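Chain nomenclature is as follows: A, B, C, D and E, assigned in order of appearance, with residue numbering initiated at 1 for each chain independently.
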Amino acid sequence: PQLQPTTTTPSSTTTSLTSSPTTTSSTPPITQKVLRIAIGIDADTLDPHGQTTTLISNIMSFITEPLFYYNEKGELIHYLAESYSVSSDGLKVTVTLKKGIKFQDGYPLNATAVKLTFDRLLNPKVKVPSRYLLDALNSTEIVDQYTVRFNLKYAYAPFVRTLTTWYIISPLAYQKLGEENLGKTPIDLGTGPLKFKEWVKGDHITLVRFDDYWGGPVKFEEVVFKIVPEAQTREAMLLSGEVDIVYQPPPADLPKLNATAGVKLAINPSTRVMTVNINTQRGPLKDARVRQALNYAVDKEALIKNVLFNLATLADSPVYPAFFGYSPQKVYEYNPEKAKQLLAEAGYSSGFKLTLMVPTGRYIFDRQVGEALQSYLSKVGITVELYTPDWPTFVQSLIGQNYTSTPWDLCYVGYGMTTPDADAVLYPVFHSSQWAPGKFNTMFYKNERVDKLLDDARREVDESKRLQMYAEAQKIIWEECPWIFLYFQNFVLAHSDKVHGLVVYPYETFDLRWVYATQ
Amino acid sequence: MESRIIRAVDGIDFTVREGDCFAIVGESGSGKSTLGLSLIRLCPGDVSGEILIDGVNLLKLSEDEIRKFRGSKISIIFQEPSSALNPVMKVGDQLMEVFTVHGYSKSEAYQKSLQLLKTVGIPEAEKRMQTYPHQLSGGMKQRVIIAMAIALNPRLVIADEPTSALDVTIQAQILNLLKNLSQSYGLSTILITHDMGVAAELCNRIGIMYAGKMVEIGPLNSIFAIPLHPYTRALMSCIPRSLKENLKPLPGHVPDLSNPPKGCRFHPRCPYAKEVCTLEEPNLEKIDDRLVSCHRVGEI
Amino acid sequence: MMQQYTRLFKSKRVKICLFIILSFIFMALFADFISPYNPLETDLSKSCRPPSFEHLLGTDELGRDILSRIIHGSRLTLTISFVATALGAAAGIFFGVISGYFGGIVDTIIQRITEILLALPGFLLAIMFVAIMGSNLWTVIISVAISMTPSFVRMVRGLTLQVRELEYVLAAKQLGVNDIKIMFNHIIPNVSPTIIAQVTLNLGTSILFASGLGFLGIGVPPPAPEWGTMLGTGRAYIFYAPHLIISPGLSVFLLVLSFNIIGDRLGEIIASK
Amino acid sequence: MELIKGENLSKTYNLKISLTTSIKVKAVENVSISISEKEVFGLVGESGSGKSTLGRLMLFMEKPDSGKVIFKGVDLSRAKKDEVKDARRRMQIVFQNPDLSLDPRMKIYNTLKEALVCCKYKGDFVERIKSVLEEVGLSSETLNMFPHQLSGGMKQRVALARAILAEPDFIVLDEPTSALDVSVQAQILNLLIDLRKKLNLTYLFISHNLSVVSYVSDRVGVMYLGKLVELGNCDEVFNEPLHPYTKLLISSVPALYMTKKFFTQNHTALAENGEENPSGCRFFKRCPYAKELCRVKEPELDGDKHKVACHFA
Amino acid sequence: MGLCYTVGGKPVLSALKYFFYRLLTLAITLIGLVTLIFILIRSIPGDPARVLAGMMASEEDVNLIREQLGLNQPIYIQYFIYLKNLFTLNLGISFRTDSPVINEIFARLPNTLLLAVTSTCTAVIFGIPLGVIAASKKGGKLDFLLSTFSIAGISLPIYWLGLILILIFSVELRILPAGGSGTPMHLILPTLTIALYLMAFIVKITKASVIDSMEKNYVITAKSKGLSERTILYKHVLKNALIPVVTIIGLQFGALLGGAVITETIFAWPGLGRLIVDSINSRDYPMVQGSIFIFALLYALVNLATDILYTFIDPRVRLK
């Protein structure tokens, strides 16, 4: 059966979330008191700022909330923030907070809390994995009780959009716990609809309803996140009725699940763009024609359909469509003849050998995709050897090496972006100042025009000019092919049909605020 | 696995009278142990013929009946005292078992066992009841086994090389014990041994076995004085007796019992063998006070 | 000694097992000729097809013919099994005999190292080893070999300790035969029956071990058709296409079973001697 | 002419008797014997009295804890490695258990060849082996056989052949016949006597069978719990034993032909196990003649030709 | 043993000394092991700081973390610090969770032990009687069935078995939970998976051991006393036969802990096995070292316990 991405969520709100997006249906259903969700990994820490995985960060978002957030289309909406303004030089961003919001520990949401949060984020002693997003931030100042100002080091247009990442924590709770215990002991520290109840390591995390939630209390009393690393097991638990919602069920079983009575699937595109990085400074790969040939050699649609069970959406730009600055390009169609021709033009008609690095178990069917890519490339005369290290080794090999020392020529990798702005993808990945080691231009791609466009676009306050710049940059990148452009991965939740009101965002996250379950 | 039929014991015919001590002597592999085990029906192979004790044919008894017989009417003592006792069971318990299995109560069994241990000459019997076999010396273990064998005052005790694993000094003690016991209880004993000396110490009648057959049966004294069968004779001359007297060894060795020689089984090793011996099997013939199976017994 | 081995083949079970093993060996040797398709040839449009006349065991997630992959996989499995066991046994015999024969400080050192390795579950050792060296056929073989070596050392040492006190060894020593010759001519041949039985069992165990690594995704790297890896991959499709795990699982089971039955029988024969 | 001499030999073993416990066993303590050329020295005693250990010490198969072995005038504990190796080759051993004394996985030929290789024999191996086989009374067919195809007596002959091939001067025979039937025992004993004459051999003949020892030995030593308690000419020791232990031994032998009884039957019913008596005579607890002196003082082996270690002999 | 002349008759090695000796060798083994692990885990490529920081983190942040973890120090200093801490039973702080390793381990250990114990018990309870039955019916149909079962049980890939059990009981029949922990129901499938293998093994060795014991001479003695086959089997043979079985169960317990990696993965069982693998995969050095250390300690203790149990069954090896 064909599966198309579906959206289970009804119409969205743009600026506030005072009302549930559900159709305010007539009969209030009998609700289940406890919601049980099977997830794949356990939290390492409960520190809202210390998260490295989308999933746990997602769970944190039920407890603590950011100033801005996004809706299910990926568009920016206001959350704890009432409004914002940017100074003309782009160096000062002022945010006004909503009034009357209380933290779970009773502390009122005010500028102090915001400043404390951002001061903590900038404190180098604190482990903040995504701190790079705050590179532009210099300091935070309190303007009045409900207004804060962010002073930037340089004009950085996407700044407001990065604020979706940072959860505001209660100064009271912070004081109570102290820096060293934050994250180890569950405590009421956010403004979100759910509070910590229990964390049994390796087994489950339980949250309970926060009755005074500013957006109105949720419709269940408790949610248990059961930690079940095996996708198969998670699925079986759903089928046997042990859980209500399953995070990322095994992709291969989706057709079957879809056909199973009582089970529903929520499949949504995500911002995670999957690509094959090409080391553009090495051998035949220096030649753009060769890189184009690689793009022509791969049947992306077949990959999506047969290997990924439609769990991906073909990419026509490195930038996610809902992001600011997205500009669609013409997809490289599957054309092995053209690929061979391009290779011949470049003088490689007899083929050559490459190493493709693929992580295992990190992305949907990553190893299978690797094998399929290998097979496709072999059909145009390129011999590919697979290298499948575990994740830490993979990361090390990806960003810990310079262009001569990478143990790979091609690398299958995904970039999940949380800032809905083209800059978030293009600057760190394609700007030549960002070459690895230590940074993310792991293709060692360099194009002066692109560099200039990206530099300028960052500082430009005028949004239409920015759009133009990004459009040009994307065009050049698309033509020069430092990637084999593949697809955006889809994100799946499976749930019992008794669960209603589940909202899924394109950031591989979901929202429980409107969820209710009938018995 | 390839199977071979081994007739370890073939057509043996003998009687033991009440109170007698009958010795069965022969080389290793001649079938002595098999004979012993057959008598108590513990031999793994098929046994045919008749085993009569007080007129009861053991071979006709059911498995249950023979079990009641074992230990009470007929019992056996084995060669290796160290392996014949269960290493993880207390000596006392093993001894008491003989009584309990034949219907005695626990306390009776205990009392009787104590008494028995004293009878077989084990000092500090109470303490020994509580020990495990490995805490006893070989001689002591053999005494315990003897105690088990005589516990219910059986009609017949079969002793299969009871002393060959023991030192001479201890062997002397055990033989002494056996002698005393058979005198005081009037036991009938079958003593299996390959040592003529041991047989001489204890027994009044003797049977010489060769390759699964009895070749000579009779009173010990007369056989030792004038052995009639060539095998008996050869066996005697193999024993180093007085100092520096030359041995006359018997050539060759015991035949393979899965394929014994035709005719008289001893003929390949016999200095007197004639043609008849290679063809016809001799029968046990009565000569004076004994039975001998040899074609040429009169001539040599 | 020869009789023992003829006795082995008297059993019907053993004959069947031997037949199974030989068929796998045959498959491994002539994989190129008998496998109906190229085991690496993908055809995404035919992915996860159930068994049919065209593909007797069906196709896998990339549309490759499973039968061909099983046939070619027997090559890998048997290679791992034989080479790893040979290496493990060789190392085990080497260190075990030395340790048992010489005793003293050499023995102490070897025993300590063995103990250390035995205190660490072999599987974890293998996981780490593969993580260090990267997974490829050789690292899998070596990690399987390493994980079986300590118990071999133990066993061989124990046997050597028994044999070295036997009279014929003492007699050879008294003659002045040198230690190396004694080890090669007297000790090793006399501990070998037990070792052979153990080796046979280990042939099976090593397959379970290697395919366990494959199952966890750290075995022989893709696209090699290693059975354990096939199982591990197929597991993701267990509901959708259960045939993906049936045949590799069955192959592992059959081969291991055959080695185990033969090994057991050998052990029995040796013990009954 | 003295061939080999053991002086004050002692050997202690650690014997593990349970998981946590091991005890020290003084297998041989301060024993001296000397054996002349072409002599047969018999060694008797109960099981565990240290006969085999003494034999192994004399062969230098095992290093004594103290004391020395002098072979043909060379002190082996001081000699160089090569010398020791050479000397050891000139001293061979035949063991009790015929099943264990030959490598079951080696053809007889190879077993015997090993001996020749070791003594760097220059001539034709097959010839030499055949001739020695003949000497021990085996046919040359045996060469291609494995030990399990041979009977116990034949194996023992092969073991003897292996010893002889090394051209030894001295052979320790550690109960060479006790696993054999009387008939075969007699064959082997006669063979041993013949070979000694033919090859000018010297034997240390260990046995617990007194009649066998008396049959082959010139001199005899009696051991009890690691000590030599009596030593003398065979006839003297067996006909006029001085030590009570020797008397006990002799009278324990079933009376088929040995008629001399030195104890009444009751005496043999003495406590059967050798319990310790650390300071005095080791036989103290079993000895019917024991006095206070025996409990406190250990007797020395004393005497001229017929030596005895007893205060009251 | 015959006669022996002892030195004062006193044991050279007392029970106390024996335990001291055992502890000493254990300590040496463990130090060797932690050293080995220390080296191995650091030889695996991949930077723990980078893993912690996340793929997109900046180099400065990574360096900062590296410093916080003490990974910037020379390796031998790290080693000595580690050893020093170990002597005070301080297993360190987990890189990943920032909390003491020991806490993390003790949160998981009971689960692993629970699984190990239930499955061992199940296997023993069924395996030993079945083994005895197979031995007493040697050559019969039942024996054939049981031996076939046992050899098949050992040859079955455990991960396959686990999946198939999930397929049957959780998905098709929907009577048992497929994974997770908490209620006794959760315990059933993983226990079954492990127990089946273990049971097959125990049946096999029990059978062999019983048959072996039945050929011993004391069995003939018992028969000659007039005891019935049954009594002999249960009163005489079994206790002897169990001695090797106990040792092997002890050894298997260790193997079982190792196998926990796979079972815990399949059944989402929050135990130590998974913790180790996860820690290896995230290069959480202190956690890997700590949990393997505890693992080995546990294994050694089980072996010690086996030894002690031994002395209860086998009077010949009494601890004095």
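Keep this in mind: contacts are C-beta pairs under 8 Å (C-beta built on N, C-alpha and C of every residue); 3 or more make two chains touch, one makes a residue touch a chain.
Please read these numbers as outputs of a predicted model, since none were measured by experiment.
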### Query
Under the touch criterion given at the top, what is the topological distance in steps from chain A to chain B?
2
### Message
By raw count of C-beta pairs in contact, what's the busiest chain pair here?
### Response
A-E
### Query
What is the distance in Å between the mean C-alpha positions of chain D and chain E?
50
### Task
Go ahead and note the Å separation of the Cα centroids belonging to chain C and chain E.
22
### Query
Where the CA atoms of chain B average out and where those of chain D average out, how many Å apart are those spots?
31
### Residue list for chain A, restricted to those that touch at least two other chains
232, 389-390, 393
### Task
Two or more other chains in contact with one residue: find those residues in chain C.
131, 235, 238-239
### Task
Give me the residues of chain B that touch two or more other chains.
167
## Note on the structure
In their shared complex, chain B is touched by residues of chain D numbered 46-47, 151, 153, 181-187, 189-190, 208-212, 214-215, 234-235, 238, 248-249, 251-257, 265, 268-269, 272-273
### Query
Quick one: in the complex, what on chain E touches chain C?
25, 28-30, 32-33, 36-37, 40-41, 43-45, 151-152, 154-160, 163, 167, 171, 204, 212, 254-255, 257-259, 261-262, 265, 276-277, 280, 292, 295-296, 299-300
### Message
Residue numbers of chain D touching chain C in their complex, please.
### Response
59, 61, 85-86, 88-89, 91-93, 95, 97, 100-106, 110-111, 114-115, 117-119, 146, 159, 162-163, 166
### chain A contact footprint on chain C (complex, rising order)
40-42, 44-45, 47-48, 61-63, 131, 134-135, 217-218, 221-223, 233, 235-241
### Task
Flag every residue of chain B that touches chain E in the complex, lowest number first.
37, 40, 42, 67-72, 75-76, 78, 80, 83-89, 97-98, 101-102, 132, 134, 138, 145, 148-149, 167
